[in-house]
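Consider the two complexes below, in which chain A is the common component and chain B and chain C are the respective partners.
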Partner chain A sequence: MQYLVNGLIIGAVYAVIGVGFTLIFGIMQILNFAYGELFMIAAYLAYFGVTVFMLPLWLILILAMAVMFLIGFGIEKAVILPVRMKIPDWVVPVILVTLALQIILQNLALILEGGNFLGIPAYIMGSLRVGNFSVSYERLLMFGICVATLAGIWLLLRKTKLGLALQAVSQNRDAAILSGINTNTVYALCFGLSGLLISIPGVLMMPHLYAYPTVGQVPIMKAFAVTLFGGMGNVAGAIIGGFILGVAETLAAGYISALVKDGVAFAVMILILVFYPAGVGTLLTRRKLG
Partner chain B sequence: MKKSLLIGLVIMALGLVVPSVTDSEYYLHLFVLAAMFGVLAVYWNLLDGYLGLIHFGYAAFFALGAYTSALVTTRLGWPLLPAFAAGGVVAAVIGGLIIIPCLRMGSYATAIVTLAFAEIMRITATSWTALTKGEMGLWGIPPIFEGAGRTPYVYLITAILAAAVVVLSLIVRSYTGLAYVAIKDDETAAATTGIPVKRIKLTGTMVSCGVAGVVGAFYAHYILTITPALFGIAYTIQIMAMSLFGGKGTLLGPLLGAAVLLLMGEGFRFMENYRLIMYGLVIIATVMLFPEGLIGVVKRGGRLVSRRSGS
Partner chain C sequence: MANELLRVEELSTSYGDLRALWGVSLEVRENEIVALLGGNGAGKSTSLRCIAGLHPVQSGTVLFEGRDLRAVKPHRRIREGLVLIPEERGIFPMMSVEENLKVGGFTIREKAGLETALAWVYGLFPVLRARRWQPAGSLSGGEQQMLSIGKGLVSQPKLLMLDELSLGLAPVLVLKLLDLLKEIHANGVTLVLVDQNVKKILSFCHRGYVFENGRIVLEGKAADLAADPRTRKAYLGR
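Moving on to the complex of A and B:
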């Protein structure tokens, strides 16, 4: 029970990480290798927010979301847009550019901040005890914020004009252009949104991780796993995938050993993919059709 | 046929010339690394560029070959030649087994299965300390050439590289190679004309992983210490960047990409901390100027020259 609760909490975080990654794939068909580095920037923002500016958590979170949205938006406009304008068949070149961005951002962090592991204490102390299991308030808050974010992104995609535009572009780029959607704006907003999403786990996970130049390797592995597992570009699948990964990992860590937790999670994922090759997200669609 | 042998000869000649031009250990070491990554990039590209399989766990088969060869020589006392072969065979067989379930999945599912498998292997190598000594790594691996400096290694890896490139170019130009090209252009159309797509993908993957295993074995007996980090995605990404940077789906592009990226990484060393930033910027600039990869530059240059001389 305790493991299940912990698994669901970390699963919500993975789901947010996965959605931010899968959005870009769904809409642009590219893998953003610099995604983990956006997480890294958010972690540094949280570190400075706490240690230098001594801001409260809610303010750090809002500022980080705003800054990361602008960074994501800016990266698309400044680096990816020129490549897309110049090259008609831009998918592979853009992937290569994100790889280069990953290297650049990691080394910028190394030059600016050094290779130190910067940590901060927990945002909130204490934990909630019910019967014989306990959850720290911080994790509860993390769960709440992540679930709210997922609900928010779901509403955004389903109910707003921007969401409809995003969906239209992901379904058929040319038809979307013909119906008057400015795809360049959509792509930039999509990168911005992705940056906003990754900033949330980046800030919230800070007390559990450290900020250092290659911290992005952790979330990008999870993002890959969750995204591919849920079906590339499938937001619902990424959410389900996030929760399954979180629960599988925590159960494996609890019942077997912390060392094999990542291995078990990946094994579960391979097995499920063998039976549902297109990702678990298709189960939903299939039910809708049937 | 002639062309592929010519390419092989040029590579061999390069390998023979390099040690006589410089005797700096450092440059020879760089050459060995470039040739090694060249083989890996060329054979990764066989999967991605020709067979449409996105393999995210490629470095794991390199590491598998390295560990296999290191273990059979240190534990069982095998001589080097069978140990190299064992590295290749183990990598080929396991590479084939893991790709079988992938053949009925989409290309991105293949990416996750291979990535997940590589991570499982890395974790196994880290935690099975009785066999692999875990994070400490295996050391005390017998070298290929006892106390002979780097020159013989240059010759050996050049021979491996030349053989690997010639074999691949023969495969690509053979009847099977036509099937590769057909699959690359349109998988469905290839299947409808009766090409056994799955069988070709399976054998292609086994060849590719087997070559990675042999190169891994070479690495183990050259560097003499190996750690579980070799299984990690960082190496796969490096190989992938070389392959895409050089030119996807071409024979020599990845080789060029490996050489240029590796030498560039070292060449910017005078810029100290800024060198990797420069490296990233050069990749972006190249992508913008030459979207087909470096090989596009060479081809365009070649066409320009032949047009001039023709007129």
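Moving on to the complex of A and C:
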């Protein structure tokens, strides 16, 4: 029971991480290798928010979401758009650009902040105890925020005009253009949205991690696993995949050994590639986004 | 004579090193129905894609209502009243019929305007209303073609260009679609049609252009083209 609860909480975080990653694939058919580095930037933002500016968590979260949206949007406009304009078959070149961006951002962090492991104390103290199992308030809050985020993204995709445009571009790019949708705007918004999504775990996970230049390696592994599990570009699949990965990891750590925990993501990836490469999301919905 | 709506002058383009169009010129006047004919690979789809902005124009000009379309980004052309229904059916298979139509009306800002446009399209295609919550991909071929036409009509275009209207459809369905197009034309929409079914299409259109190897080799009144042996030859020539 305790494991299941912990697994669902971390699963909600993985789901948010996965959705931000799979969204870009669903719309642009590219993998964003710099995704983990967006997490890293958000982690630094949280660190400075707490230690230098001494802001409350809610303000840090909102500021990080806004800043990371702008950073994602800006990266698309400044680095990816020029490549797309030059090269008609831009999928592979853009993936290479994100790889370069990953290296550049890691080194930039190293130059600016050094390789130190910067940590912060818990945002909130105390835990909720019911019988013989307990959950810290901080994790409960993390769960609540992540679930609300997932609900928000689902509403955005299914109930708004922007969501309709995102779906249209993901399903038939030419037809979307012919309908009056500006794909350049959609791509930039998509990167912005992805940055916004990854900023949430980036901030909320900080008390359990450190901010350091390569901290993004952890979330991007989870993002890969969740995205593969759910089906590339499948948002519903990524949500399910996030929860399953979270529970599987926690159970493996609890019943086998904490050492195998990070191996679970790899195992999930290998199993899904061998047995169900389309991803489980296709069982739920043929629609990719939402 | 009616006003000129579309004018294409000396249009040329290629796919990589492969030249696809060699100076195509054509015009479409308001309220006309114009056919683009020619065998497979003759350059009809490429011409339409250049006009819509999906494929880059290498030389030549495209004017819509006298305005050079180079100044109008591809996604803005629907706002000018220029709509293409592409060859591979411009629909979104995983969206519902209604969502597809809403994307077709993406440029309509007011909710009331969109409702009116949807009602007009549902009036033309009652089967779409019956299937409005179904995923577009689950419709039959004929229904999907009706949806792609309906989706193109939501924005109430001045010029509707239809690539391969009858591809893969049963003859009865084609006749039904042509009837509907007649009604759409009566609503004031100018039509450009591409179709392999030369006889049927020429009996329906006012004028036509015959493409061969990326050039226009023949043009004229539909009745004259239908009678001209060279029209048939253009199809069999390849």
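What we mean here is this: the second predicted complex is superposed on the first by the 274 of 290 C-alpha atoms of A that agree within 3 Å, B and C clash if a C-alpha of one lies under 4 Å from a C-alpha of the other, contacts with A are read in each partner's own complex, and residues count from 1 in each chain.
The rule we apply is simple: contacts are C-beta pairs under 8 Å (C-beta built on N, C-alpha and C of every residue); 3 or more make two chains touch, one makes a residue touch a chain.
Quick caveat, the model's predicted, so the values are computed rather than measured.
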Touched partner set for A:Pro82, first chain B, second chain C, both or neither: first
Chain B versus chain C as contact partner of A:Asn182, first or second or both or neither: second
Partner chain(s) touched by A:Gly263 [first = chain B, second = chain C, both, neither]: first
First (chain B), second (chain C), both or neither touched by A:Ala165: second
Which of chain B and chain C A:Thr250 touches, first, second, both or neither: neither
Partner chain(s) touched by A:Leu228 [first = chain B, second = chain C, both, neither]: first
Partner chain(s) touched by A:Asp174 [first = chain B, second = chain C, both, neither]: second
If touched residues of chain A are counted for chain B and for chain C, the larger one: B
Chain B and chain C footprints on chain A, overlapping residues: none
Sites on chain A touched by chain B in the complex: 33, 79, 82-83, 86-87, 89-90, 92-93, 95-97, 99-104, 106-108, 110-111, 217, 221, 224-225, 228-229, 232, 259-260, 262-263, 266-267, 269-270, 273-274, 277-279
Contacting residues of chain A [partner chain C, same complex]: 161, 164-165, 167-168, 171-172, 174-183, 286-288
Touching residues (chain side chain B, partner chain A) in the complex: 56, 101, 104-106, 108-109, 111-113, 115-117, 119-120, 123-124, 126-127, 233-234, 237, 240-241, 244-245, 248, 273-274, 276-277, 279-281, 283-284, 287-288, 291
List of chain C residues in touch with chain A within their complex: 52-54, 73-76, 78-79, 83-84, 86, 90-95, 99, 102-104, 106-107, 135, 137, 151, 155
